[in-house]
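Take a look at these structures.
What follows is a pair of complexes built around chain A, which joins chain B in one and chain C in the other.
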Partner chain A sequence: MKKGYALQAPDGVRKAVAGFLKTCLDKDVFDAVLVCVRSGSACSYVLVQEPSFLDTADCLPPVMPVQGGKAVMSFTRHGKGMRIGALLRPCEIRAAVELSKLQQTVPENISFISMDCEGVIPLSDWLSDPEAAGAADGSGVRELCSICEQFSFCEDDPVGKADLHIATMGVAKDRALLVPVSARGDEILQKLDLTPGEETTGWVEEVEKLRKKRREAREESFAELRKRVCGLDALSEVFGRCLECHACRTACPICYCRVCFAGSEPAGDAAVDYVRRAERLGGSCCLPEQLLFHLGRMSHMSLSCVSCGMCEDVCPVDIPVGSIFSMVGQATQGLFDYVPGRSAEADLPLKKFVLDELEDVED
Partner chain B sequence: MKLLTIDKEPNEAVRDLLGSLLSEGKAAGVLCLTREGDSGAVRYGLITDPERLGEAVPFYPAMPNNAGKLLSAMTLRGAAGDPIAAVVRPCELRAFIEVLKRQQGDGANIITVSSTCPGVLPLKRLVRGGEADLVENYWSAAAQVEPSPDIRQACRACRHFVPGSADFVVDLAGRADLKERTRVFAASEKALSLCEGVEAESGEAELESAEIGKIREARSRVAEESDAETGSKASGLSGIVDFFASCVACRACRTVCPICYCRRCDFEAPYWEYGPRDVETNLRKRGAVRVPPGTVNFHVGRLLHMGLSCVGCGMCTDVCPVDIPVSDLFSNTGASVQELFGYEPGRDAEEKIPITTFEENELSEVER
Partner chain C sequence: MEKRIGVYVCECGPNISEALDIDRVVEAVSGMDGVVVADRYKLLCAGAGQQHLVDQIKEHDLTHLVVAACSPKEHESTFMSVCEKAGINPYMFQMANIREQVAWVTPDKEQATERAIRHVRAAVGRVIRHTPLATREIECNPDVLVIGGGIAGLSSAALLAGPERKVYLVEKEPALGGAVKGYEKLFPGMRSGSELVQRYQAQVEANDNITVLTGTTVKSILGFLGNFEIAVENGQGEGQEFMVGAVVAALGMKEDTESLGEYGYGEIDDVYTALEVEAMNLEGRLALKNGDAPKSVGIIHCVGREHSEYCSSVCCMAGMKIGRYLKDKLGDVKVTGFYRDLCVPGCDAEQFYRETRDAGMEFVRVGRVEVHDSGNGIVLKCGTAEGAVKEEKVDMVVLLPSVQAAEDVGALAEMLSLPLGPHGFMIEEHEKLAPVNTSMEGVYLAGGVTGPGTAEQTLSQSEAAAGRILAGLVPGRKLETEARVSEIRADLCAGCRTCLTVCCYGAIDYDPMKGICVVNEVLCRGCGNCASACPSGAASHRHFTSNQIYREMAEILK
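Moving on, here comes the complex of A and B:
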């Protein structure tokens, strides 16, 4: 089992991590670091090159304003650049890895620093009262966070391509363990003269315990959800108040298309089609693609869905998009034994042809 | 103007009007807000069978989509072959007229049923509970001169709530007797020929009344206050940066905007994106850079592109996941620029959008 380096955190983990990132800049481990920063009630990802910025930056607020994978894409879409240490939640790293397989990020010079993720507070709760938001016991988080099993890693086959991991669960409150995951992670600690000497058994046990709880919660949650969305009528009802604002799509880290199939030239009806459709039943909704948009998007990105929940968070009418997409993602990914973002080498299922496959759906 | 007085509340009265249009074959379909049962989603629907008019809730106080945008989408490939009656609020109608000027649809064969509009409730408030109370309070407040505190801020500040070019106008704003009686103006030649089948007391009256005047004044006061507040909040570059600080770049504001019709928005173009050189340069200059970049660029850019036609409907604020009052800024800035040219979006289908006309002697006050 890997050992970790004990990062002292007398003023709390968030400050200690900010200090660690600063040290990385001071000691030229990275040219810049990516970290989520809070300013008032606004939170955003910031690429930091000037170390003194981290002296006062309020890092790691318990919100996800933008999916970190998308943030990474925003500065690596057009080629690799400087050496960047990116502090991200596990689902954000997994999204960045998926995007690299889709040729939308060039992650060569990015070192991924992951962390034990307690989940994030929904944006609307955060906005209504940033100070009070989120219950102390972690129960005020996004629905998908509350049923997430991939909030950490501690297996020999890590879930997510992190280089370094910050362990806090099952660890004393006045410290965090820096656990090197990859060879690059080892190099980072070496360059900083930090030797991982702490046992991590406590951490591993805590993570396994929470994983089991989350797995059960997930099964329960999806069993309920399945009933709500089973069949076309039920699905139509759940998506009935969708405005087609497409915020879910734009916030999704996997949806990278600049021109989406929805709202593109070929997808659009003439007036006579609207009337004919309405005449079939005497009346119909004026958003003819309302359900098709979601099913289409699902069929396009489901295999890479990392269940981050951004989609659900930005929906102005509180449709449980994330939960539905996550549930379907679990099933589609399960068909191919594929875990999005686990490995940069594992092919996207649709890109790989296997002769003997999916026999159970053959005639 | 011809006035029909129907002894029913507005939703029912207009159902009767729409029903007569359908059953007399004067319209092939009617577009209005619909709801299945008491708890179904309220959304725009197209009804062709008069039997299904029970689902029509034409004046339900919500705007899930700007209907002008829906009419544009529906007629983009050509005009409606048979007449379609559409119940639209003044700003939705004005938005439709603005995009028609941009070749984004065809107004032929559309029968417009608008209203003197008491505003709409914000979607998030309706979705998050207390709907029944909100709707009940809405109708009591609609009878008042002062705008309801519950409706969209855009509505509270709206001075264009009397439609200028609709066929029918249902008089809602400021009316205290809406539970018993609905007044419908037949405001065009087309409307006069269409309303023969409706059971109503017929007479003549003016649409513009003293009551309407008072409401307009009250809303103007709200607009002035709101403009001053937004003006100081969003003042200068740092003000604008602060205003949009929480923006998560979801683009919902653009997608629901009736004026933003571009299939490929300029701000999604690759040339705005950061390459390694841009990252390097910006980091060197600024020390720290927010990513994804371009938050303020997008909003200011969008404002530049559509501000002249902004009808102040408030869809943008309504859908923002981080409650940025986009409409406050866009609507008031739009209005300032419109004022420069004496232009009012949606007032007249023949009135050209200012940037499409060249005047040699213009804006001399900004010349050196």
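Moving on, here comes the complex of A and C:
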């Protein structure tokens, strides 16, 4: 069983974590830390070098303003740069790992610090009342968060590449446990002269209990969803609300293409084609890409989908796009026994050639 | 510019005209966008037919041509030359295959006609979106690198080298000759292996255009047909670099040692492999460890057959040859071959087998053979087909192990980004159409690198490889590149390098300065893997654009 270092948090875990990160900067463990900084209802990822800036940091905001994987990409797309300690949720770390496999980040010098994630509340709730929405008691979180099983790292084979994990579940309210997950995590604690001597049994039990509950909820939720979206007619109806604003794609950490084919000039149909289609089929829908866009995006990114729920959060017309993608992703990833973000070494299924595979889907 | 398409349906004698209603096909495409003329003709591929097309293109001032006839495999190039002759770009042409894919697959004339209409409409829908493509010419180096100084490498080098073509013959061992040099005789003619090698070697050594680099290994091969940069290194660590236009990989084979232990090899005295007996024979001491001549020898076939999972095809014959050595040199010796399946392919081999039997070698069909040391000679326990176990006492055991690719074959394949077959040998581009080519243009295979083979097979391959190079890489002639290749749009590429991992031809490079991938048009064969793998739509195939395929599909599925 792993052991952890007990971080005292008399003023709450957020303040304690901010203090810990400040120490990391003071003791030159990192050149900068990536954290969320909050100002009113505005909450964004900031790469902080000046330790005093951490006084305004909200290390565990109840909302996901931007997917942290995307934030990491913006800092490291063009080289490894400085030593960064990035405080992210588990799904954000998994996204960063996927992006590194897609050559969109160079995560070599990044130390990932994860935390037990209670889930985040929908952006719309947050914007209507940022103060009231702050209660991190697990209620009112997004649908996808409420069925997320990968909210922590306490397994022998941790999903994702966190180096250090902040355990809060099953831990007394006035403290948190710093659990080193990788060799680099051990090093960080050593540099800070912190010895992880605290038992983690209570945390592990709590996480496993919740995970089991979540797994059942997930299966139930997907069974329900499947009924609503199976078949072309059902899909057309669900995605029929789509405005083609493509916000889901913009918010998605995995959609890394600089220019997307969907909505680009070559994808567009000539006026004459609309007319022809109408002639042929009796009618021609004027947002012809609606469903095609989602199916196309799904075929491109479902293998790497980390179920972070950003897409669903930003959808202005409340399409359960995140749940659908997560459900499809679970199936496609299962085909290749692939867990996105689990390790930087596992090859992306598309990039790995296997002579005999998928035999059951052949003719 | 106005697009003017001409559609011509070939009757192909009775082949197409009797199988479907050509007039209805002609009528169905006549009104399509851009079609200015649609007509039928007796036999378009004949001289008169081709001339008819040239005249039609000129008469109607056509910009695009569609021919509905046979398979493009058969006459695409014919009609593309027609286009060139008539002054339009040959890629403004599309062929609809209404013979193999329509006329010949159904006796139902109505169905055939309906389907032909879809095919021809699809061709029209596609051709209107074609763009003119051009080939480029590149300078070529005619020189050749031959890797491996065995008979394959020696014969290739001797055939290739001339006043206008230098050959670099690289051999990792200190001397040329390879495995065959160690064979006193070669089956089935029992001619001398060493003499054969000497003959080729003399040709190589007498040729001033061949640079022999022994004790040398190839470190890297970069580039493409006509322009390979080669780096080699000798045993002292001294490097050398040179350019060549083509490469012959003539690496040999080796015995599979994996299963020898199961037959007492290494533990029991006087258990040898076939190659060891070859060496003993060459040294003139076919004897037991204690110096005595063996009185009885058991030759065990198919050693490691289960491990290798293939018949190595040459070992049965090699075993017979060893039997002949023993009989010829020792006279009074009992030689028995213990085989499961005897592989004796071809008339010469059959003759050789008979001669060997006449010489006194016996053959016993067995199941599994176990080798035991009785303290007083070796005992072979042979399972028979009936399930009984028969014991046989011998003085010496010769194992015929299966044949594997030489150690450095894997490294070479990796260097060239070429795939290895399931058994570790290099694979030819096509077993019938391109048996000594690899999927990388300009790299050819000969000998053991392709799989177990006899000296004759090896020499046929090495001469074929040389022939390919002599015909394709003519000194002074430039190479024309393929026009139908992929391209990557720099403004769309996100540098994810997914295309790089799916490219079978090593035709894509990552440019770290620009952070994007780039297609090498010389290496690209236009397979389209990158275009289908690229999520951004940055990689596309010039002659299979999404739009072209979409329009083609739309007509087919209408």
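We take it that the second predicted complex is superposed on the first by the 352 of 363 C-alpha atoms of A that agree within 3 Å, B and C clash if a C-alpha of one lies under 4 Å from a C-alpha of the other, contacts with A are read in each partner's own complex, and residues count from 1 in each chain.
To be clear about the criterion, a contact is a pair of C-beta atoms (placed from the backbone, for glycine too) under 8 Å apart; a residue touches a chain by one contact, two chains touch by 3 or more.
None of these values were measured; they are calculated from a predicted model.
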item	value
Partners on chain A (chain B, chain C) - clash or fit	fit
Touch count on chain A, higher of chain B and chain C	B
First, second, both or neither for A:Q103, with chain B first and chain C second	second
Chain B, chain C and vertex chain A (Cα centres) - angle in steps of 10°	100
Touching partner for A:A247 - first (chain B), second (chain C), both, neither	first
Partner chain in contact with A:V317 - chain B first, chain C second, else both or neither	first
Chain B versus chain C as contact partner of A:R258, first or second or both or neither	both
Which superposed partner A:H300 touches (first chain B, second chain C, both, neither)	second
Contacts of A:L350 with chain B and chain C, given as first, second, both or neither	second
First (chain B), second (chain C), both or neither touched by A:G334	neither
Contacts of A:G12 with chain B and chain C, given as first, second, both or neither	neither
Distance in angstrom between the closest Cα atoms of chain C and chain B, superposition on A	8
Shared contact residues on chain A - chain B and chain C	78, 258-259, 264
Complex contacts: residues of chain C adjacent to chain A	422, 491-498, 501-502, 515, 533, 535-538, 546-547, 558
In the complex with chain B, residue positions of chain A that touch it	32, 34, 39-50, 53, 65-66, 70-71, 73-75, 77-82, 123-124, 127, 237, 240-241, 243-247, 250-251, 258-259, 263-265, 268-272, 274-275, 277-279, 281-287, 313-318
Parts of chain A lying in touch with chain C, wherever the complex brings them together	78, 102-104, 256-261, 264, 266, 280, 300-301, 348, 350-352, 355
Of chain B, residues touching chain A in the complex	28-29, 31, 34, 40-49, 51-52, 55, 64-65, 70, 73-82, 84, 123-124, 127-128, 245-246, 248-252, 255-256, 263-264, 268-270, 273-276, 278-280, 283-284, 287-293, 318-323
